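The first chain written gets the first letter, and so on, giving A, B, C and D; residue counts start at 1 in each chain.
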Amino acid sequence: MENLDFSLLSAIYVNCTLKKSPENSHTGSLIEVSKAIMIKEKVRIDEIRLIDHEVATGVYPDMTEHGWEIDEWPSLFKRIIEADILIIGTPIWLGEKSSVAQKLIERLYAMSAKMNDKGQYIFYGKVGGCIITGNEDGVKHCAMGLLYALQHVGYSVPPQADCGWLGQVGPGPSYGDKEWSGKKLQTPAGFESDFTNRNSTFMTYNLLHLAAILKANNGYPSYGNSRKEWDDGERWKFEKP
Amino acid sequence: MENLDFSLLSAIYVNCTLKKSPENSHTGSLIEVSKAIMIKEKVRIDEIRLIDHEVATGVYPDMTEHGWEIDEWPSLFKRIIEADILIIGTPIWLGEKSSVAQKLIERLYAMSAKMNDKGQYIFYGKVGGCIITGNEDGVKHCAMGLLYALQHVGYSVPPQADCGWLGQVGPGPSYGDKEWSGKKLQTPAGFESDFTNRNSTFMTYNLLHLAAILKANNGYPSYGNSRKEWDDGERWKFEKP
Amino acid sequence: MENLDFSLLSAIYVNCTLKKSPENSHTGSLIEVSKAIMIKEKVRIDEIRLIDHEVATGVYPDMTEHGWEIDEWPSLFKRIIEADILIIGTPIWLGEKSSVAQKLIERLYAMSAKMNDKGQYIFYGKVGGCIITGNEDGVKHCAMGLLYALQHVGYSVPPQADCGWLGQVGPGPSYGDKEWSGKKLQTPAGFESDFTNRNSTFMTYNLLHLAAILKANNGYPSYGNSRKEWDDGERWKFEKP
Amino acid sequence: MENLDFSLLSAIYVNCTLKKSPENSHTGSLIEVSKAIMIKEKVRIDEIRLIDHEVATGVYPDMTEHGWEIDEWPSLFKRIIEADILIIGTPIWLGEKSSVAQKLIERLYAMSAKMNDKGQYIFYGKVGGCIITGNEDGVKHCAMGLLYALQHVGYSVPPQADCGWLGQVGPGPSYGDKEWSGKKLQTPAGFESDFTNRNSTFMTYNLLHLAAILKANNGYPSYGNSRKEWDDGERWKFEKP
């Protein structure tokens, strides 16, 4: 029987806009679309706007042990690791994900020595996706980097785990803008895009489905992927070539 | 209970080397490592060396309908779509996946209008990964593009779904080479790499686990991701912003 | 005094569309915009539509010496190396340059052992750029790969050496299309884009300027960059760290 | 006659390591190799370790006008724009350039509305390159993004404008490390790499050559690339398609 009850799941959105609150984040506006679905599906939701926090730069779990005075990452990480689903939101600058998104990846990567009690990397069993907005170009390129990083540290990636919106080539309004260049837009930019609406929906539901399936399965069996067991000499059916 | 019986699964490796048989493919040598695990785990295995086939260039399912005299893609596609797991192997040239791998992506993409009987894209429920070899640089970059394409057309990506080997920076032996620059190597290049061996093992098992889990689940429920239903007006819990 | 006489220069466009002649190439339509400027500036022009030629796959200068029956690359290469300026045109598929463009890079790379009479890589002193069209996303990503490859083999890259056009996010007309989805467009898609027109113009002129400057300078001095001299032991002011 | 006098040139290195001074930066060690050549060639040198400065995040020239209390960027930018040559150094994390490098790009991009007195983008006539170190993988991928950004804002890119060092696949020493995993290395990691030494040398000299050539030419003529003139309606030989 198909499971369509998502009320046991939790999801966290990390918005990697370059703009501090309370400035308007266009990426945040598209995050709202996905979040609204999750809320109606009774998923427990958390959200972090990373630039609002003093997150140190570096590749250790806690940079206050490496010369930084403040590092909010350890407390943010607790919220991230608590969630079944991680969705990274980023704007595009010069065709690339934001420096804030890159910093998030560095800090997630910094945790990759941590193991769960099966000896697997700590993100195993969790599911990841991404939401990207720009005014012109780069959703797929940014998604390549973000989804790669997510699966590398241990997240699973369901089908069509990215969504986004882009304006027309050249300068123009960003997602959700109500005017551009002094002129009022008939509808906020992107809100009518069937493509963006559909992809945001499919991404959201596919993240839910895979998270639910993996949760019901108690994550991945540790057979063949336990870092601890490998280091202890276990090789399962692998044979050196 | 954990499922560790993979005998109902099938996997296909598509080697995107630039070299026709019977030339030695270094990527093929690393594919063998993963394949050996699969075989011992009783998975049904298929393999395609794409360059050995006359695959037309283009973005239609059958290019003989678009001016090409020969196109083996339709018959190759049947073998690919029949498998639960697709693993793309590619060498690296100038930091990029091979033109043959790019052509494979174009042809997979060409099939993305096809739906399964739930109205989902046809690759839903299947699982993908990649194997990359080079003599110096680029495993992660190539994996970004390949895994992105796989999830985009509908494959699911488990944790650490890429593996590879790189030699030292600058010219040097490729994976499996027994000599380099006229000198015999003590062991074939890369065979002793704990990193490559471990990643190849983890990738292989994670593909098996996720494929088994999804198969047991009969793929993804179509709630929230059926292209057919979306086109018919269904929106589930999505609301226009 | 500024040189604005480009009549001694030659340029070659290589269109890496996936479509054989006489099918319409959208990338070809944007190439025409740049070419028209060049022609009015009296530059000698050549153009290759790569897919119309039987170019073998591989990384050797002539693949007929490596098992391929036909390989038109050696004769095409003569035309490419004869030109002061190389402009690569490519469509975008799934956010990536075409497999034909990737093959072109592989074949250019295959020539990188060739030296000019100063002992420099053979493309030194020449100038490169790229023209990219898609219906939605990826100009910058494709340009990153193409311009990187060009400078790697020895081309110089002037400011803003890429140009392109993208339609709105989601399915839509491609560059130059006169109708879409059964409806006539008021003007061909992209023709009115000030952004695309300006970038195409700037790219074309910057390629001309840098090519003219380098030609007047007889290319690069070999001091500090002659592969031959390095291999002979010359180190100029480099000192091992 | 060839010009080999570089004493009128200036160059700035921006090290985008994640580590604050006085921690050892491996990227900094490779920067030293290039810098040593420049110094012997009498080039005026400046260097910024970006993480040591309080550079705000954002895409405006001065973020203190946008809610940030401190922003050292305006004073750093003065040093960058004063130099004929910009070389960006970055470490690799998960196959990507550092978040600090990404922030640098965002801030350079933020200046792209500034024009020189010919109406060209302000970086026209300047030359850029990059230096990349990692312990395993990603020099070319990082260089693709960095060189693309440099040419996009107006820098020119000479042949082989990137250099770097990578260790063997998997964990290992970083550039310049004298020991690894408790064991002393015979020579510091990478110092003997002919490949890295040669590429660092060629990059350095090619940057010098092109900077000298462009300086002698007083940059690029504004014919065909002046943003100001384009906005005023000038089109040179461009014609709307």
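General remarks:
Following the convention adopted for this analysis, a residue touches a chain if its C-beta (ideal position, glycine included) is under 8 Å from a C-beta of that chain, and two chains touch if they have at least 3 such contacts.
These numbers come from a predicted model, not from an experiment.
The most distant chain from chain C, with centres taken as the mean of CA atoms, is A. Interface chain B/chain C: over half of the residue numbers present appear on both copies, so the contact uses mostly the same residues.
Each chain gets a centre from the mean of its Cα atoms; for chain B and chain C, those two points are 30 Å apart.
Distance between chain centres (mean CA atoms), chain A to chain B: 24 Å.
Multi-chain contact residues of chain C, defined as those touching 2 or more other chains: 94-95, 140, 144-145, 148, 152. Taken as a graph of touching chains, this assembly is fully connected, with contact between every pair of chains.
Residue ranges of chain B in contact with chain D, taken from their complex: 94-95, 136-141, 144, 164-171, 190, 193-196. The touching residues of chain C, when paired with chain D in their complex, are 2-4, 29, 32-33, 36-37, 40-41, 120-121, 123-124, 140, 143-145, 147-148, 151-162, 176, 188, 191-192, 197-198, 200-202, 204-206, 208-210, 213-214, 217, 220-221, 223-225, 227, 230, 235-241. Remark: chain A residues 18-20, 23, 51, 57-59, 67-68, 93-100, 102-103, 105-106, 109, 145, 148-149, 152 touch chain D in the complex.
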